[in-house]
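My questions all concern the structure below.
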Amino acid sequence: MPLHPDRYFSPDPAQRAVARQLYQDVRALPLVCPHGHVEPLLFSNPDYRFGSPVDLLIIPDHYVFRMLYSRGIALESLGIPTLDGTPVEGDPRRIWQTFAEHFDLFRGTPTGIWLADTLETVFGIRDRLDSANAQAIYDHIAAALEQPELRPRALYDRFRIEVLCTTDAASDTLEHHQTIREQWNARILPTFRPDGVVNLDSEGWRAEIDRLSHVSGLHIHNYATFIQALEDRRAFFKRMGAVATDHGAPTAHTEPLRDGAAERIFQRALHGETNPEDVIRFTGHMLIEMARMSVEDGLVMQLHVGSHRNHNPAVYRRFGRDKGADIPLATEFTHSLKPLLDAHGNDTRLTLIVFTLDESAYSRELAPLAGHYPALRLGPPWWFHDSLNGMRRYFEGVMETAGIHNTAGFNDDTRAFLSIPARHDVWRRASCDWLAGLVVRHIIDEADAAAMARACAYDLAKATYRL
Amino acid sequence: MPLHPDRYFSPDPAQRAVARQLYQDVRALPLVCPHGHVEPLLFSNPDYRFGSPVDLLIIPDHYVFRMLYSRGIALESLGIPTLDGTPVEGDPRRIWQTFAEHFDLFRGTPTGIWLADTLETVFGIRDRLDSANAQAIYDHIAAALEQPELRPRALYDRFRIEVLCTTDAASDTLEHHQTIREQWNARILPTFRPDGVVNLDSEGWRAEIDRLSHVSGLHIHNYATFIQALEDRRAFFKRMGAVATDHGAPTAHTEPLRDGAAERIFQRALHGETNPEDVIRFTGHMLIEMARMSVEDGLVMQLHVGSHRNHNPAVYRRFGRDKGADIPLATEFTHSLKPLLDAHGNDTRLTLIVFTLDESAYSRELAPLAGHYPALRLGPPWWFHDSLNGMRRYFEGVMETAGIHNTAGFNDDTRAFLSIPARHDVWRRASCDWLAGLVVRHIIDEADAAAMARACAYDLAKATYRL
Amino acid sequence: MPLHPDRYFSPDPAQRAVARQLYQDVRALPLVCPHGHVEPLLFSNPDYRFGSPVDLLIIPDHYVFRMLYSRGIALESLGIPTLDGTPVEGDPRRIWQTFAEHFDLFRGTPTGIWLADTLETVFGIRDRLDSANAQAIYDHIAAALEQPELRPRALYDRFRIEVLCTTDAASDTLEHHQTIREQWNARILPTFRPDGVVNLDSEGWRAEIDRLSHVSGLHIHNYATFIQALEDRRAFFKRMGAVATDHGAPTAHTEPLRDGAAERIFQRALHGETNPEDVIRFTGHMLIEMARMSVEDGLVMQLHVGSHRNHNPAVYRRFGRDKGADIPLATEFTHSLKPLLDAHGNDTRLTLIVFTLDESAYSRELAPLAGHYPALRLGPPWWFHDSLNGMRRYFEGVMETAGIHNTAGFNDDTRAFLSIPARHDVWRRASCDWLAGLVVRHIIDEADAAAMARACAYDLAKATYRL
């Protein structure tokens, strides 16, 4: 089943014709990637190789292996490494065969779409993977991965990426970024993500504070030195090209701590004595502090909330985090964000981009908030909702109230570097089809639609992230 | 981009043909406007003039200026008056120019649709507003507003309004309504909205109680006299033509207060000593009392819940209420309405119309409730959801379970008198397109669809509001 | 309005052509009915007769009479029996006339669809019911019901039912199932539903415990004997052919009770001293126990949560349960199911099928959970959502993330035996139309679609329920 040139467009001939025309004008625009999880290591070494097809496409991609796991296929049999080093399947050909035999599980899923696109556009594979052709396709991919055109830097150029932002801990020394800056003329920018020190219940919080002390040269022994270290690191990230910060939390709770409460909680944390309420309140306070710093230093602030991380303790104990076991939660924004917005929501120096996993908040809370507060933007459909239906629900639930200019364009938000063009292409096709639907219902005209398609594909991301 | 005769209809030729036919039969039906916020002042003075284009279309319309504000345009620059009299932009031509320069923000929004419709159908303007033509269009509108055809009473007739209900405080003396009744043969009816005295945390509650004492001629010094005054005012409103009451609250909480609890809370309120729990419980109790009074006097009861009013304190302090900073909340109905429904939900003398800003409650709670309780009806898509997609979600989420006869037809719910025909037209087109979709999928036949289209456009509103 | 052969398909010619082709291949597949509420009594007596048209189509069907009740038609006038024996309308022809006069209420509703399909396909009635033809249609149905082809066993064969699971209390002796097994070669299987003894606030809980003691031959005097009795009954049900259990609860709360807490609550229950918290905690604990037993005995576990049963106390007091007054609640799954999933979610011996009335959880919680945990499946759209739009929302909200193989196919879940073919037909048409939409948008190919259509119509239900 080769990729169809009109894929994902409405079957209605009138709408499809408009969508196709809109898409022609945006399909080849450069890719702006302001938020994602590609490792900078891929680019710091000009000879970086991806390893086997399994190392490339299965082991690092929790979208892929969680679906197989849900059908009873052991993670060990897919080669997912255990924390304690217990051996797992080590033969990539056997892993690939298992994957191929269950490829039907991805029918109609975004993962299936990205895989099909990647296999065809990157590797020239137009046959659908199945148990019979699995080894031949493995051979084909493995051979291609030997070629210089498949090195990450070559693909970066081939994919027409204009800028790619990574996600990096507050204590990160950004050595790979430094190497890239010195060696190569590409915009690979770090993003400051201090969750490991801001969320007091982060695994290894104390060690991470020590690392932060070390890299900042400040002895963090109280709240004031903690804040100072964060401000210093933000300045360092900014010098290294960062345009944004990113923050993850289970909820959107914000709360200003007053009269030394932040100091008292921080001291309890240093002594290993925090309680769950401390954790929630401190994160809520720090989000306001981060907004304050963004007002001052101009870094765009991103907020990703509403995931219950590591929901499956058996998987977490054996395999660690990011194993497809993060589950969304119902998320409240109207009350929760109010303290932060009270403090900084009217300040045009701040850009706060909010991402949700709770689509019921789109039309109810987030579009009305983004449609009022100057500082607020709504991020694109995130994670489980980065899909054709997720995008449709987003366009239909958000845009009438917020208008497109209060949204932030697209983020591919991926660890899977090879899937980046496919993800942008799905978004571009979906946005063109949505706009074509407005044209054929005479809500906007074709000139409007063309401008809006370009904004969705390119302009909004650049403008929102100040890129 | 002139208005297209098939606008908002499906692009599918078969569905569009049915929709067009259905629409032809309802498009010219009179407008029934059972809930809205047009000032009766517009009609009590036969020579009322709207002022400048900016006074007419921008300054009173928070749908318009909140979108501009969200993009960093100061409310002062749009001429929104400050509470303390600090000067704001006073040149309507400059305000209009700013508006025109940002008119793109309204692409694909309901506000954009209403503005385009109003400009073309009321003023004959078929060019899209932009920075180049802004002053010419301003001139055109300003000149038109000088004409007698643009007086509110002339427009009322031109719009084919059959009845228009206003929204009025419990203490309102309804002088404008009295003048209208004496001078003019049009159905402009008051609606009894006692939020200012029922919600104990209303701004100026104590002064409003005094006004209520004054107009009712009762000295309100306890709960019993409070109830008596409300009953007297309802009787007065009814004599003045009212058919309905309206009630706003943050939640749908209802709760009968017993054994003097209402009296104790009311006394605390008179002494300025209420706490937040008192406020919630008293409103919850009063909603049941209002249902009881509706059973007795036959006034239809409307309930609008789920808005966090004045979410932005900086805007509220400087500009006051209704400035586009009211944000919806997740809203529970199944538990919350139960005490009221336990008391009066089976009573066919009561008609209780519920409006929500939380669309997730449509299929989950409100359609099942309206599809069971004889007293309950579901109001049309409200506020942010009074849009093409909001209507589609409403038709698709509500009608299968509740049936159309447990819904209340359309409300324009607007302060913007000139937008009333556009709003009804969007609803009529959207409902015809929805019904056409059922016809072409052979779920209903064309005769059914024609009857249902008429019900949605006209009959349901008249019947539900007993007009 | 006779049934159209392309009913419920998209009007788009390309999509409709694909849907029609897919449907041709699944329309005649046998019906697998793994969850429902048909009485086994219908089949244990080979000469069972349905009674009058009203006994068949109105009095037992709360989908029908709750809609009439919502419009102010007294349940007494529809012949719904009162608990205290107060007389109600006894003339079925008058009841039928009332029904016919209000048949318009069902336009565009699933009940209207099922009725139209049943009247045409079972009784050959192609005219729409109205007040004029009501008595003639009554005569026609009454005459048909005299014929041997209308006996339940004959219809079972005519409907091509392959297996039909009933729902039975833990204390049920399954005599009708025994008779069926002895007399007739059809798969009518019991399902173990112990809500009456597991939910401590069930009406008549104490008497039900006594019945359970009686049928199990165990004196249930403590938690251990209670568990023993349940295990014994599960074994009995399994011997009688059961493949599944079913559990209903207001929420999805699960919680392991430790250190004798279950025993203490059970003793309080035996003494009539439970409090609401006890009830919630005990049910939450028992759900984990039931999962443990399912791991051991292989019975598939079904969980139906989120209904506020008997919401209307006046109707409940007069007419009892299941009178169309059960109203859905917002339902949380991510936190609530975690304790159960922590214990058994990774165990491939368990199949836990979850049903929800809160569609906002589809894409937010349930699809991500089902797309990760090996033990979890998502049940089909339930109750109010067993409708064309409910199915569309389910396909669009669930399948991209969970994949179809983590769903459980279709359940008709009905007491109305005659509506079973219509309900399956709606599902088959809706799933084919959904898949056709994926084909024409080039997301899947026609071979994929054909396999997926067959899975939705037949294979998934058989495999998930181990039938």
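Here the chain labels run A, B and C in written order, and each chain numbers its own residues starting at 1.
Criterion: a residue touches a chain if its C-beta (ideal position, glycine included) is under 8 Å from a C-beta of that chain, and two chains touch if they have at least 3 such contacts.
Since we're looking at a predicted model, the values are computed, not measured.
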Category of the chain touch graph - line, ring, star, complete, other: complete
Superposition rotation for chain A onto chain B, Cα-based, multiple of 5°: 120
Equivalent interface positions on chain B and chain C, same or different at half: different
Gap in Å, rounded to a whole number, between the CA centres of chain C and chain B: 40
Touching two or more other chains - residue numbers and ranges from chain C: 10, 12, 330, 360
Partner chain C, residues of chain B touching it in the complex: 10, 12, 14-15, 330, 332, 334-335, 338, 341-342, 345-346, 348, 360, 363-365, 367-374, 376, 396-397, 399-406, 437-438, 440-445, 448, 451-452
Residues of chain B touching chain A in the complex: 1, 3-4, 6-12, 66-67, 69-72, 104-110, 113, 308, 311-315, 324-330, 357-360, 384-385, 387-390, 392-393
